[in-house]
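First chain A sits with chain B, and in the next complex the same chain sits with chain C.
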Partner chain A sequence: MASAPSKLYADDVSLVVVLLDTNPFFWSSSSLSFLQFLSHVLSFLNSILTLNQLNQVVVIATGYNSCDYIFDSSLDLKRSLENGRMPVMCSSLLQKLEEFSFKDEQLSKEEPEGRIKCSLLSGSLSMALCYIQRVFRSGALHPHPRILCLQGSPDGPEQYVAIMNAIFSAQRSVVPIDSCYMGAQNSAFLQQASYITGGVHHKPQNLDGLFQYLMTIFAADLHSRSFLHLPKPVGVDFRASCFCHKNTIDMGYICSVCLSIFCKHHKKCSTCGSVFGQAQSEAASASDKKRKTPET
Partner chain B sequence: MPQVKIIAKNFMDMVASLPAIKLDILYHNQFICEAILRSMPPLAKKYVLQMLYIDVPMTFKSLQEWVLADGSSKHQVAIDRLIQLRVLEVIDRKKETTYKLKPTFQTNLRKHLIYGGILSREPMPSNVVARLPTLEELDAYAHEQWECFLLQLISSGQAERSSSFSSSMMRIFQRGLLRQRDKEAPRLTESGFQFLLMDTNAQLWYIIREYISNSEEQGVDQADLIAFLLELSFHTTGEAYNLNTLADDQEAMIKDLADLGLVKLQQGRRERWFIPTKLATNLSVSLTDSSSRKQGFVVVETNFRMYAYSSSKLHCEILRLFSRVEYQLPNLIVGAITKESLYNAFENGITAEQIRLWETDLNRVEMTPAHFYDEFSSRDIFESASDFARVHGGLLWEDAKKMQMAVKAEIHMLMREHLRGNK
Partner chain C sequence: MNNGGGKRINGGTEEDDDEDDVNGDLDAWERTYTDERSWESLQEDESGLLRPIDNKALYHSQYRRRLRSLSSIATAARIQKGLIRYLYVVIDLSRAASEMDFRPSRIAVIAKHVEAFIREFFDQNPLSQVGLVTIKDGVAYCLTDLGGSPESHIKALMNKLECSGDSSLQNALDLIDGYLNQIPSYGHREVLILYSALSTCDPGDIMETIQKCKKSKIRCSVIGLAAEMFICKHLCQETGGIYTVALDESHFKELILEHAPPPPAIAEFAIANLIKMGFPQRAAEGSMSICSCHKEAKVGAGYTCPRCKARVCELPTECCICGLTLVSSPHLARSYHHLFPIAPFDEVPPSHLNDPNNKLQRNCFGCQQSLLNPGNKPGLFVVCPNCKRRFCLDCDIYIHESLHNCPGCESFRHSKPVISNEE
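Moving on to the complex of A and B:
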């Protein structure tokens, strides 16, 4: 699978959109406390703004039920961008974060048991891409945008389609998606996202040193990345998920019109409505799945 | 393109050339650390952040591992810059050299990133100051002041009002930019032309550099002035700051800065204050070399007609240097780039990539020193001589009938030897 086309960046002016995982189910069981995590992140954000006067930072909170903007350096810090930036940024961001967490919790309804406690990554990715599109259309002179996902929650299979759409959209607009995964397992979504869009994926081994990981890997601007040694993608899980059950599959059926993936034979495509013909009775492939007889 | 010496020594070079003790004092100020960080090439910035919390010295080899093969030249530039600014200290051990961030710089930058910095100077409360200019008015003021200064710089007769800079100060600024022959008006040199084409911030830094170097001769401490300027860039545009918060030499400098358009001076009933303009607060934006993000407004057609959307006298003067200005409308300057106007420019020493075509026009005739050989005694000798010349790449022209040839002066001695040998 080809990764993103590379772009020539003339300078290091950057716009970093940070997607912050605020999922309480993850943070309640994480070795790093949410408060400590925030202190690492706030210093990182300040460092980005310190590197270049024209740099911008936007923070979107990825909650359990919802997503929202909690910080935008071009709006919040209009006057005091230089003097006393850190205190202003901290108070503004933390206040909005508190309001967001409260609202997010209110939206929780009765959940069926066994649902994976994931965060709404597809929502925040889409919001980030919309914001970046607006920046692209604001004129010729704009900072070079990239997205940084700080995620700890596991992948939510029901978000597969939305996330893949967001990833391809980012690839098309040449917006790299960096990801820093802090959870226990691996995140196939984030690995794929970074690989396809030309970003960097990393799972820090020692979360106490998160700030150093952020400084060393994720603070690198797009211009310098072509000269730096950054973590390479290793063992990315490219397996697709079926659209009907969201299970990861190796082999399946594909609609030839819209390329939707199914694990079992269906009468018609649930995405585009095309009617499928009868399944082939002889299969050349080594599949020995039992085929259902087509319903008439 | 000839390398212009003007840009080579920029403001940061001046900072780097300060003695180590003075630089150490500068690095106690968090804002100066930030300004210095912003002025570095991107790779150097990255290295500083990476080494910020590393307390042990790192070897040259381990630093090199950070960078890919085709980044090695950029890597070297970055390391050199860091050493030049004394941000990176070199510790020579017996086996190999190691590097470490300068402790003062490291501590203060850490504090700045974790806690942020707050300037010691507070803006004045709004009930004390009279009506402050709006940001647009302030921008217009800064722009006007700077243009007026530049006009006075390049052609003293054109400025509408003279600045408070003494004529000796103006002469120092003009050094290298203007050339004056006897009985002639001062004309722009090639460096002067390049200066005019630089973006405002680079021009500003050039002038400030000259100003600071000159102040040293007057007995004012260079490091103090540099620190003041860098700190000024972190003030808030449009806010009023009381003049009584300034030290004496800072107050003297403020008046000169007002002439350049960096601050606006105002006074009320009892207080006097200064208001930083965008020129001041944007100072640190282009401390690096690769910075110009400006948009142009000059359109040149393929028939060499030129349209510049500007109402500035300064722009008109600049365009007059190499083009024939035809009309000046309220917001538009119409001109044409003609051969004559270009010859005029070349005489002043101005060259450019796009107009090199016409420059070669001047070089229609090429001269090569040569020797003319005549009266060969026989055809054989002529032919052997001509072959000899051709083999040595020196044959310019020959006429076989008349047995004459022209040979490059460089191989004249060889030809003589050859002909003597043949006889």
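Moving on to the complex of A and C:
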């Protein structure tokens, strides 16, 4: 049902959904301040809108406690015709962003701190995909959508299933997820997201030149990409981590009922409660070369 | 002979067939109207005026019905699903399959939708395997062995679409029973039969074969293209499968795609077990080695089996040297949404939108579309029971059928019931 409809629009018209990481815990520790980051991003968004007058930009803020739409060029451009284009776009975005971070901060006061300071990437990714489906529904004439994650916070392990669901849904509707990661260690989620959906993943070496990276790598429309030499994915790690100890493993045991991953042989599946014990003896008689007795 | 005559008599009772017979005498311009059935997309309103049917509401109610029937099965706290499936698709290539009551012919329609089904099947069940069997001239042939590559099945099928002779259920079931007895005990054995004929020409007693299938725990499902047959119904009842008969092409498509998501597991059908699997790493770019699957020297792009260090070209697969099942973590992750489904959203009557205390959210939380109909009349919308966010009907369908995440729950730190289950 989520297949991409035929594309009659000119092939260089893009819809870029930008997911902006506003996690205060990350930005307070980053070498690039949030204000500098915003000025890079605003110039980048302006450039995309000027590359083609049909281009469209949507910005979703990925906060620590919530996510929300903060800018949609298809709504704001109508107003901007009255009083000069660029300043209106920036001011409306900044105003919405301020409201958003205020609300986001208020939510966090109710909660004890601790744990990994990740932002809610799964939420903003899901919202972006819903928005893109609406664009697909709008008829045969629509811009080519893509998602750009500007992320700095570390991965949140509890979001794994949700992010993977979003990635597969994006893959099915042929929406590439580009990612630009500004944090310390590289993000395994975003590497996988870009690899699976055919997007570009990049981790800039020098954050002072962020605008340059954004322009050269992420500004080109999907059609022009085939003519460019973009960064190739290097060493995406597809190894799994076991559910029992969260270790990354080369070989492991999978529960045949729920596909939980374990590093050692267990008697009972901790996820779905299936009992494995008696199966071993019974199955040994079957002609099954794949079954292994537990290695201790 | 008998078969063809029976079909004609039976076909006359169906609306579709009636038209086909008439179609012979129609002019070309008349035929386009008959094919399109444009009058069916109109309905009368209260004052007797004609207006187009509101398709959106119709689609949505259909989808709700589907969702409800699924969730009624899933009410048990820990539902088990057969995620590792070994499925044989049986395609009836007897004389009856060349009938033209489906356009352009039954077999063309079957081939088209089997292709879509195989792709959808592997998308939803990445660790499962499919094999193809055809019945022709009363004999069953195995077209492709069980395998995990959709392309090879589709290619094999497209080359073999001639129809002739009679059909034999017993021969097909006997053949498949032999193959499925060799698969590991944790796998779910399934057969999906696409049956065009109205008879079966068997060498022996088919009831014995059905009992044999039941004993081997093979779940047999049949989709008929002609009329309901007792023997098919009996087979499905005995083995726990589903028997359906397609009314027209779109109905057939719906019915076949219903078999793509994993069925609820029946405890005694497959024995729970731990399967040893390897998670190979991608070989370094530019390194050269001989792959064990095609026996060719290849540069870069490949995976190394963690146990025997043999090189394979793609995942998921089975190592040709040591037999270890090789997968990557995304393959497993693709199946998790079957295990942690999101709750169905609650429908809300439009009048609630005008409540003074409910003024907060007037746009769909997912796509920002206004929930008001044109002319500021409140439209139908749904609410997530966990996060209380409001969604439009289109997002509701997308979220439950493709995304499998609630954007509202995901973008709020506290309410994450789906994820917390997993830990």
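Observations
Operating definition for what follows: the second predicted complex is superposed on the first by the 219 of 296 C-alpha atoms of A that agree within 3 Å, B and C clash if a C-alpha of one lies under 4 Å from a C-alpha of the other, contacts with A are read in each partner's own complex, and residues count from 1 in each chain.
Rule of thumb we're sticking to: contacts are C-beta pairs under 8 Å (C-beta built on N, C-alpha and C of every residue); 3 or more make two chains touch, one makes a residue touch a chain.
Since the model is a prediction, treat every value here as computed from it, not as a measurement.
Of the two partner chains, neither chain B nor chain C is touched by A:32.
In the superposition on chain A, contact is made by A:72 with chain C only, not with chain B. In the superposition on chain A, A:227 makes contact with chain B only, not with chain C. Of the two partner chains placed around the shared chain by superposition, chain C is the only one that A:240 touches, whereas chain B remains out of contact. In the superposition on chain A, contact of A:219 is made with chain B only, not with chain C.
One of chain B and chain C touches more residues of chain A, and that partner is C. Shared-chain residue A:207: touches no atom of chain B or chain C. In the superposed model, A:141 makes contact with chain B only, not with chain C. Of the two partner chains placed by superposition, A:94 touches none, neither chain B nor chain C. Touched by chain B in one complex and by chain C in the other is not one residue of chain A. Across the interface of their complex, chain A is touched by residues 31, 34, 37-38, 42-43, 45-46, 49-50, 52-53, 65-68, 70-71, 74-75, 112-119, 233-236, 281-282, 284-285, 290-291, 293, 295 of chain B.
Interface residues of chain A facing chain C in the complex, by the touch rule stated above, are 1-2, 64-69, 72, 107, 111, 120, 122-124, 126-127, 129-131, 133-134, 137, 158-162, 164-169, 172-173, 192, 196, 234-241, 249-259, 261-262, 265-266, 269, 271-276, 279-280, 282-283, 286-292, 294. Across the interface of their complex, chain A is touched by residues 78, 80-81, 83-84, 123, 127, 182, 184-187, 265, 270-282, 284-285, 306-307, 318, 323-325, 328-330, 332-337, 339-340, 364-369, 394-395, 397-399, 401-407, 410-414, 416, 418-420, 422-423 of chain C. Touching chain B in their complex are the following residues of chain A: 10-13, 43, 46-47, 50-54, 79-80, 82-87, 89, 140-141, 211-212, 215-216, 219-221, 223-224, 226-229.
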